[in-house]
Amino acid sequence: MVLGLKARPEQIADMHRRLGLDQPLWRQFTSFILTLVTTGDTGESIAYHASSRALVLDRLPVSLWLVGCSAVLVVAISLPLAMTAALHKGTWIDQLVRVVPTITLGMPEFWVGLVFVLLFAVTLKIFPVGGTQPGIDGMLYSMALPSLTIALAQTPFIVRSLRTRILDVLGADFVTTLRAAGLPERAIRRHVLRNSLMPALELYGMKISFLIGGTLVVEQVFGLRGVGTLLFSAITARDFPLIQAIAMYCALGVVIVSTLVRIATGLVDYRVREGR
Amino acid sequence: MSGDDNLIAVRDLHVVATADGRPLVDGVSFDVARGEAVGIVGESGSGKSLTLRAIMGLMPEGVRIADPAAVAAPSARPRLAMIFQDPVASLDPLCGVVAQVAEVMRCHEQGDSGHADSAPIGRLARRFSPSIRRESRRRAADLLISLGLPESLREHDRYPGQLSGGQCQRVGIAIALAVRPDVLLCDEPTTALDVTVQRQILDLLARLRGELGLTMLFVTHNLGVAAHLCDRLIVMHDGHVVETGPTARILADPQDDYTKRLIDAILPIPADPSAKPTGAAEEETGSTAGKGKEPR
Amino acid sequence: MTMKRTLAPTLVAGLVLIALIALAVIVIPFLSPYDPIAEDIAAMLQPPSLAHPFGTDQLGRDILTRVAAAGRIDLALMIGVEAAPFVIGTAAGLVAGFYGGWPRRVITLLSDALIAFPFYLLVAVVAFVTGTGVKGIFLTFLIMGWIIFARTVTGATASLASAEWVESARVMGFSDLSILVRQMLPNVLSQAVTVLVSDMVALLVAIVTLGYLGLGIAPPTPDWGTMIADGQSFLSTRWWVSTLPGSAVVLVGIALALIGDGLNDMRRNA
Amino acid sequence: MSHTIPAVPAASGGQTSGALLELRHITVAYGGFAAVDDVSIALKQGGALGVVGESGAGKSTLARVAAGLIAPAAGRTLLDGRELAPIRRTREQRRRIQMVFQNPDSSLNPSHTIRRILAEGMLLHGTLGPHPPRDVVDARCRRLLAMVGLGEERDILARRPRAFSGGQRQRIAIARALAVEPDVLVADEPTSALDVTVQRGILDLLVRLRREQGLALLLITHDLGVVNAVCDEVAVMRHGQIVADGPADLFFHAPLAGYSGDLLAAAREVALQAALACKPAFRYGGKDLTREGKKNVR
Amino acid sequence: QTGGTTASSDTDANASGSNASAQTTFTYARAASVTSLNLWTEITANNAFAIDKVFEPLVSFDKDGKIIDWLAESHMISDDGLTYTFTLRDGLKFSDGSDVTAADAVFSIKQHQAEKDAALPLTADIASVDAPDDHTVEIKLNSPYTPLLAELANFSNGIVPKDFGGKSEDDFFKNPVGTGPFVVSDWDKSGDLTFTKNKHYWQEGKPGIDKLVYKVVEDGTQAVNQLKTGEVDGIESPALENLDELENGADTKVETAGSWVTHTFFFNTKDEHFADVHVRRALAYALSREDVTKAVSFGHATAAKTVLPKAIEYSTQDSIKPVDNDLDKAKAELAESKFPQGFSAKILLASGNNAYSQAVQLLQSAAAKIGVKLDIDSVDIATFRSRFKAFDYQIMINSAQADYPDADSIIDFQADPDGFSKSYWTSYSNDEVTKELKQAQVTPDGSERADLYKKIQQTLADEVPYIPLYSPDIVKAVRKNVSGLEVLPNDSVRFQDVKIG
């Protein structure tokens, strides 16, 4: 927009001085870290004239919902698919489970998202086109398509590694023991799954960074007012303090999530619990 | 021995590789009578394990039984349980050993109590009821301790990785016993263990056989072990049974060429000069032989 | 000769597919009567037809020709950008897995710290500093890309490091470097390559997504990402503009995934 | 404190003179727990020491110290009376002490061909001179394989370890160790995974090399039958210490107390009956039982 | 047939008339959030078009850019062009119910003059602002300044209550009170802004809707889809490439107005290449503006021949002879230049704008035809702004927009080398042009002024400091059931006549 061109250079310089933007980048960064450590504050956003922490915290719920729903969906899709494929190894079911995620593997999230919107929201009108709706059920309703989009991008990796792992475990001696002991298939699957989960969880922990990164694009496509869209506008506005704040919260999020994943692996495997 | 008393009857069993139809087990037939202990010995790759697995109905991937009727039980299907070679690998590494034994116990009790539990609600209640879980855990711990595992298992469960090989093999035996089997199939259950532990396990199996009247089918490549435990031997070579008969007879007077070579290859351990020169006496002193000599 | 390990069928399928794609990408621009970057406004946004099998884009350029021309860039970029992280990550993983101890701790810490920053955020920040385009993509992948290789190779190496054949090589008198490169590497390479293959798809998708975010390759250089992104606003009315370049990405994805699967199968069955 | 086997003048481990390989007062600790605790052994040229003992006694650890794979917390290793660095050994020192590992599944690099596995050591040490032509290498590899009873197939050198059975792999590992013409062979349970007929072949070879080339053998096993067939000296380990050592004849014939006795008794119990049943001669014992045993090994 | 969203269900209720308390809400999808409502310091569209819903100036302009009286019932300009007299309407009230007096207007204008961070300062040389009585506002100038009336029509000259109704300036703009049709009710600075209708609005019976929601939908495609399903009732800036789809949609339509915007290639005449007029003319001849327009506008723009858009008075769009689309002449011009063999240069492009990226590619291939190699330097919008403002570019594409309906708005900004924009950061300087544009500022409207602007436009067209490309229609997409939306040429809209259903 051209409005904005007429801002006087003195004003800009003045604002930059006020916000410390006339300093070199590294100086800005160290002072950011210093204030962060000493006061827990992440500074003021240039574009929004508001506390960056307040901005991020305000957007956080939507992103957390999105990440949470996608994480759940990833598991809910991957586990049964991988299990089914492994149990039917070599059959057409297996091929199907292996090939279909391969197709989505090459589809960028924004494109899948767009197609979903056109299909399920615009044409079939099953889900909302975008944005969020109030209440828990409204949230779940609005998260359906976005989280499915993210989940689809993540599942191929998880399904493939999980399937391989389940196959390995299915061939393990202890499964034969349990079979020989006459345990029902359901109970055996539980044992197999628990033993297959570890590497998948580790991969999941690694992918979580991509998952959180993926929210940026998906929030954009679905018009969700989360941290991702905030970041996007912060980038286009060169709102450096805000970018720093978001990066920090993202890193915090990733650390928390990978800690949770580590705790989860600990629950699954006592060897992790005991520090191996 | 009447035919009805045979718990296992294998008739002309053929196992082939799925890929190329190569015969792996090529027309094996034998019976095992109730209460009998039969050993299968033979060269590596002769089809011993496959025969056992065929009886168990657990064929590994890549092979199949040509005629499934070959291993049909002659009378009512006996309960089978199996002990495997590698004691540690044959237990779920992420599941406590008491829990594993208890799970198998619960599963077989459900099966036993028949009609009353066929209702799904009953089954569910049984599966999730904490009291039933506690009870089965207690009995699992009892069983494990009676097999010589540490008392502390009552208080806290341990994972297979936290037990020694010999202890794991006992857990494997406990799992097999939790099935309350009529027939115990053992696939080289002691080769991975060192001699002292090996002897303990063999003693344990002999004792259980005496106490529970188990029928046993025992695969090994160690003729010594076979002689120690089995009434009768089946010698396999290249997918065929080459010789069968009472243990003592086969060892003393092998008929088949391969059996002869097998026995010939045994490395002897020089006899204890102080021992009484009779095999029978040796057997009676059994496991306490060492202690008897302690005073020296 | 039995030494020739038979190729897994999935691998063969993947290789054939990628060969076809490579062939198409190389040959089509030569055979095509159209220039991938010459505009023809009169022919803008035509649906697929005999003259333009993939239709034309907003500037009337033949999409098929452009998809092929873009393939050259994108596939070359994919390989070029992935090479350095692959080598660095594999080397780091070998060292970390083999020695354990502090080398492993340092590498784990470093990768944990980096992975805490979501990928696109990093791209954005790098684009901030270096400007958009290939440079930024390259730099970001250098920073982030090695991690997945390092982790995979670390795990694989560590599980082999105590194998007795490694000790045999020591006893035989081989130096550590020689053990790492000549003994260890061949055994972990296939796993690293499997990861490489699926990571290449991820990279390709990332490049495409960067195009969508406006941080990708600058026009007029045809690039799948920019093509898909440019066409996304026509998705409901002129589907071909974005979907057909998109299917090229999907096809490459399938081919690479098949190769990865095949390598996996071979590793497990060989 | 080691109990020496009675009725023989103490062959104290510490000061064997003229020994080819000597380990003195070796202690290896894993986080405070001593896997090997002040152990001394000595090997003469052409000698064969059998180390027996229960699982976890520290046998393999001791072997790894001898082969220069782990540095002991205390103790010295001497070759020809000269001290060896615990790990940083010269190439030549490495060549002279070779080791065969217990597990046939993991002792060969799965991605290398048999040719490469056998040849790389020879090329490294120049056993065949500098830059030997390929056919010379191949011929040497074939001779080695023939030595361990393998190698009729034409393509054998191009195969990879997966294409061999456990017993075959074990033999390839032995061939690889022997390829560089070592003076000492440390063999960690080289036959435990094999069935008796295959085991026989390998032991045969080891005995022959001892006799013909003066190879010194440190044989670790828990199979007393193997010790009886191959070794002239025995050391019994338990809890990281040598609890008994001495000549093999005495070990098998003198009545033993304590752990060694238990071990022997247990082994006899499971093994002897088979022998009893089929070989009356063993039962009544001619005086030359060990000789008898070794005669079987050919 | 409706998507079951808030807006549509409200509408249904309203249409049936069964529920008197039913609220009609108009949800307007916008790309950015409202961050401030301070009418003096704010300038960007996201804020300006919220401010103009709350505050209103004395005069305004209509759909065609014609100045009309607004809060003033009438206005008078003295013959010497030095005195402007405005008479306020009767019964004007602020949204809090208090009366609007001339004192409020005086306060507002003076406050604007005093504002040191003013974004659109009044450039006229004002001698005094007075309120002779409650209904009259009088502005006196030291020298004539013809564009004053147009400047006053700007949103930044809206009327606020005197002394901010007793509040501090900061507090006031957090919860502003104005005469506009809407009142801020719920405001998330990084998100949506909800207005409710001003019950005291001076236009009887208006606005026709109870609630106006500015909903932030950053992604254009997302906005289009939301409009299709009725999740929003209108889109502020639909992409041109989506227009035919929206025009022909079952539930959607578009509303247009002539525009004050021209998308333009700018040359940095400080650069050694583009200091040469022949180089600039060569590129202008090489390029076909018709093609650019066709490629990016989908029939919703006119190719620009001159710097002034057609909707602005004195534009010579229909008569001027531009330097355009003649490859032979292009080659000839280049041959005459200092770089007859061609050269290479970079086009600065802000990423994320599809139309610009297409246009740039067209210039690129046009240049290639005469041996000039142009590379595209695509950067984020913030970098873009700081780069061109530092004259750190060679060619860029940007839009030139009039803020108020006077030719001076554009000409002063784009051709005055001493203005703070230095001829729109091209550093273009032509003494003749400078002299003429200064003179046009003091010449009253009429043929004399028209002649001046005609000359200026021809010079600019010949010397090509920039290549005007196309002027897009101002387009708003709305649901079919929306009526009464007035689209303004500055890209804003008036909602007071809007009805749904």
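Order of writing sets the chain letters: A, B, C, D and E. Residues in each chain are counted from 1.
As a working rule, a residue touches a chain if its C-beta (ideal position, glycine included) is under 8 Å from a C-beta of that chain, and two chains touch if they have at least 3 such contacts.
None of the values given here were measured: they were computed from a predicted structure.
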Co-neighbours of chain E and chain D - touch as defined: C
For chain C, the least number of touch steps when starting out from chain B: 2
Highest-count interface - the chain pair sharing the most C-beta contacts: B-D
Chain centre separation in whole Å, for chain D relative to chain B (CA means): 32
Computed distance of Cα centres, chain E from chain C, in Å: 45
Centre-to-centre distance between chain B and chain A (centres being mean Cα positions), rounded to whole Å: 50
Separation of mean Cα positions, chain E and chain A [Å, integer]: 39
Chain E, residues touching no fewer than two other chains: 221, 352, 380, 383
Per-residue overlap in chain C, given as positions that touch at least 2 other chains: 128, 213, 232, 235-236
Residues within chain B bordering two or more other chains: none
Full enumeration of touching chain pairs: A-B, A-C, A-E, B-D, C-D, C-E
Of all residues in chain D, those that touch chain C in their complex: 64, 67-69, 89, 91, 94-95, 97-99, 101-103, 106-113, 120-121, 124-125, 155, 158-160, 162-163, 173, 176, 180
Chain B-facing residues of chain A, complex: 171-174, 176-184, 187, 191, 194-195, 268-271
In the complex with chain A, residue positions of chain C that touch it: 112, 115-121, 124-125, 128, 147-148, 151, 198, 201-202, 204-205, 208-209, 212-213, 225, 228-229, 232, 235-236, 242, 246, 249-254, 257-258, 260-261, 264, 268
Residues on chain D engaged by chain B in the complex (per definition of touch): 54-56, 165-167, 194-200, 203, 222-226, 228-229, 252-253, 255-258, 261-279, 282-285, 289-290, 292-293, 296-297
Complex interface listing, chain C residues touching chain D: 1-3, 163-165, 167-174, 182-183, 186-187, 270
